[in-house]
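Each chain gets a letter, A, B and C, in the order it is written, and its residues are counted from 1.
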């Protein structure tokens, strides 16, 4: 994942004594993290992958059933909802989030008190999803703050959380929570662009749009790519906020609010009367993960190709 | 380009990991849940109880007191862990490795999934054990009409119920003093009652946006209990073509269309609607026996909780749905003997009556007076009862979660009309059975 | 030429506020054409600030006032909300547990991740490329899917229902991100110092410990803070792996407290006091180390 330039510089050192010495510590330095990660993360993952080809309730022994779980997923309305919602998060939320973050980042660079502002918009990221969900509900529900506010202007009330809109409320919250984080990452890429590029471009008589199009965008493309990969992979895991926000009293959210992680939880141990279908849940996770890997590969292709155009 | 090569390399590593995962699967098979039976333990001096309650809930206080009394009387220590409503979720992984809990509690519906997987102990012996300090056995203090709902498929009891619950249409008896004695006999009577509420400048009904009771109970009244089950089990979906299904759905849609539901209900949760109802914004609220204890802190001064049952519809069925909260012993429990002793201790009148007097809920014992708020409900439960929600959430859990619940919500919140509800229900049921494992 | 620039600014204003002209060298006053954009940022900032002010202020109000006058400042300061929440929610022991878990897990994660990230970041070959991908893979696997097999393994190691077990888990789940972040950090450090050390005969272990680690201090602090925040807020694994009430961490206590509130007639003042108890320590940490996060992420993600 490191950029190619580093690789070139390193290549020069490949045969040097330093490189050889470094290779000697390669094993010992890597081993603790690698072993722990393998035993407690990858082994369970592979086991779950195996479970996706079985019928497994989680406590008795799995029974092999081939690709039947995958076949059944196609007819499973909850999986369709979960998959579609995950894609909505990935693309809908993602595009909105990145446009907003990019715009904020560019404007912030020209504003006074930029560090201060950046500090504030990062804030939601440090709070637990459970706490944010409690606040978000208090803000948007029918007797909530927003409607109270509208009322004092003689408007409303609006049913912000009606079933058709509820998932959008979740999407909005997720944009809100993540904007600060991605502004910070994107800021990184743009801050590294040497200022003289802009100076020269200005001398050449370019306008600000041209400078954006031909300097800022291509030169920060790499970091946009990294951030997009982080986001794509991360969407599969969004869980706590949705459970806390849309679930109530030990009950799961209705299936039209489900995302990939929620599907796995709801199909197995979640809710007041669990379903214990680990086989199908694992199959669902595998399908989603494959879709995400495809998106990641495409993203990396796109971002690296555009970089070459420079 | 590099990415794909790396993916390949990661694949090589993954293959190595797969080998170790295979060994994990071998490990997993060594502990079979069926082998260690609860009944074998004896002479335990302590046991662990995982509770569905949080420590400040009234039920928790009653149980805590009983546990202290139990320890004082028997010397057996009780380690209570308040796990909350997720207790069964937390229990699941322990079933494979040997449970840390010797005693758990939840509703019949919530325990149902475990029972279906044969993960709870048979309580037959316990049922024939006398209640501590009393002459009757546990099996004898539980009314016979309840027993069919406490057994697993092979007819063995899996739960020792300490709290009985059901659903009813709740109202403030200080505003409708004669209603409990003269409940509506027909749907038209019910509509007249709602009209009366409107006349008293109240919205007739508080209903949460994710409500299940209105559609489910109306369907039950229209189709009968077996009819409800047929909707789930008929793989051809033909059961949905019964015109009574459409009629029931239409009744609910009409309530909605008439504006009988509290404004903004589409986006509300049960806790909000319950609060609004208790504050007098709506006259009626269809929900469970927990309403009086839960809503009391928000209720207006002089509020008198009481309930009626929905009137009969075409099927003529007026049975009352019944659910139980009670103790179960995981099969993997190591101190099941002590856990069962505690159950026998808790079921005695002196301890159990706290569920009625302090927690304001119903108990299974006929000799414990129900709290005043639940007197009507208690009376309804002496009639014919059926498994709450026809046991759909257990026998057809997947179908209920994925198909029925979302469709019911769409109907209640007006996203679909009655005809669409029926069409979707039929198609959804057909699709469900295609994908059922 | 200068006229073209002026013209373009008006033009960009028509397009939309996000159309930028990033010129870090010449930072000047916000032209009024960009006001809508700046206003949007300030609205966003105000909303974030409002969230926290609202939670904190509501925690001192009566339930009635929270519900009916959410925007009003508290008329009386009900500190009793806090003590009630503290007692009812069992936040005391949970607080101690969370601090222990967070401190050890965050330190442990960085301690394990940094040598790995160092060798992965500074060796460019097929093996390190593959291993890096292998770590990145872990970023995309939801916990819900691995929790049961994981539980079996943890049970064999007697790491269920104790804080040590949870710490191990937190280290493991935070490894992928931390390795990923620190890898770019180490890769971006200049190689000269390392070469000089090698010529002086300093061993590779010592080079890492004495030279590279201090150089990557910014990245380490970032990783430490981000992992600490993630662990402080983690609910799912804590729910599945902690069983005894005395071992519960703060997020569990908060979840239980919130449901308990619902079941026993909600007092919104007390509810927000509970939320504040969970949020305040992270706010304090952020106020103290927040700049580190933004600076560190900036460096780490740049590669």
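Definition applied: a residue touches a chain if its C-beta (ideal position, glycine included) is under 8 Å from a C-beta of that chain, and two chains touch if they have at least 3 such contacts.
Because the structure is a prediction, the values reported are computed rather than measured.
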{"item": "Chain-level touch network, classified as line, ring, star, complete or other", "value": "complete"}
{"item": "Of B-C and A-C, whichever chain pair has more C-beta contact pairs", "value": "A-C"}
{"item": "Subunit A and subunit B: spacing of chain centres that average the CA atoms, whole Å", "value": "36"}
{"item": "Length of the line joining the C-alpha centres of subunit B and subunit C, rounded to whole Å", "value": "38"}
{"item": "Centroid distance [mean C-alpha coordinates] between subunit C and subunit A, Å", "value": "14"}
{"item": "Where subunit B touches two or more other chains, by residue", "value": "3, 7, 14, 21, 24, 28, 84-86, 89, 92-93, 96, 271"}
{"item": "Multi-partner residues of subunit A (each touching 2 or more other chains)", "value": "39, 42-45, 47, 58, 143, 248-250, 268-269, 293"}
{"item": "Contacts with two or more other chains, residues of subunit C listed in rising order", "value": "127, 131-134, 147-149, 153, 255, 259, 262-263"}
{"item": "Subunit A - residues contacting subunit C, complex", "value": "1-3, 6-7, 9-11, 13-14, 16-19, 21-26, 29-30, 32-34, 36-37, 39-45, 47-48, 51, 58, 99, 102-104, 106-111, 115, 117-131, 134-135, 138, 143, 145, 148-149, 176, 179-181, 184-185, 187-193, 195, 198-199, 202, 205, 207-212, 215-216, 223, 226-227, 230, 233-234, 236-237, 239-240, 244, 248-250, 260-261, 264-265, 268-269, 278, 281-282, 285, 289, 292-293"}
{"item": "Contact set on subunit A toward subunit B in their complex", "value": "38-39, 42-47, 50, 55, 57-62, 68-69, 72-78, 140-143, 157, 159-166, 248-252, 254-256, 266, 268-277, 279-280, 293, 296-297, 300"}
{"item": "Subunit A contact footprint on subunit B (complex, rising order)", "value": "3-4, 7, 14, 17-18, 20-22, 24-25, 28-29, 32-34, 84-86, 88-89, 92-93, 95-96, 106-107, 109-110, 112-113, 117, 119, 209-210, 263-272, 276, 393-394, 397-398, 401-403, 405-406, 409-410, 413, 415, 428, 431-432, 434-437"}
{"item": "Complex contact set, residues of subunit C against subunit B", "value": "88, 90, 126-127, 129-134, 137, 147-149, 151-153, 155-156, 160-161, 239-240, 243-245, 255-257, 259-260, 262-267"}
{"item": "Of all residues in subunit C, those that touch subunit A in their complex", "value": "1, 4-5, 7-9, 11-12, 15, 17-28, 30, 34, 37-38, 40-41, 44-45, 47-49, 51-52, 54-55, 67, 70-71, 112-113, 115-116, 118-125, 127-128, 131-136, 138-150, 153-154, 168-169, 171-173, 175-176, 179-180, 183-184, 187-188, 191, 194-195, 198, 203-205, 208, 229, 232-233, 235-236, 251, 254-255, 258-259, 262-263, 268, 271, 275, 278-279, 282-283, 285-286, 290-291, 293-294, 297-303"}
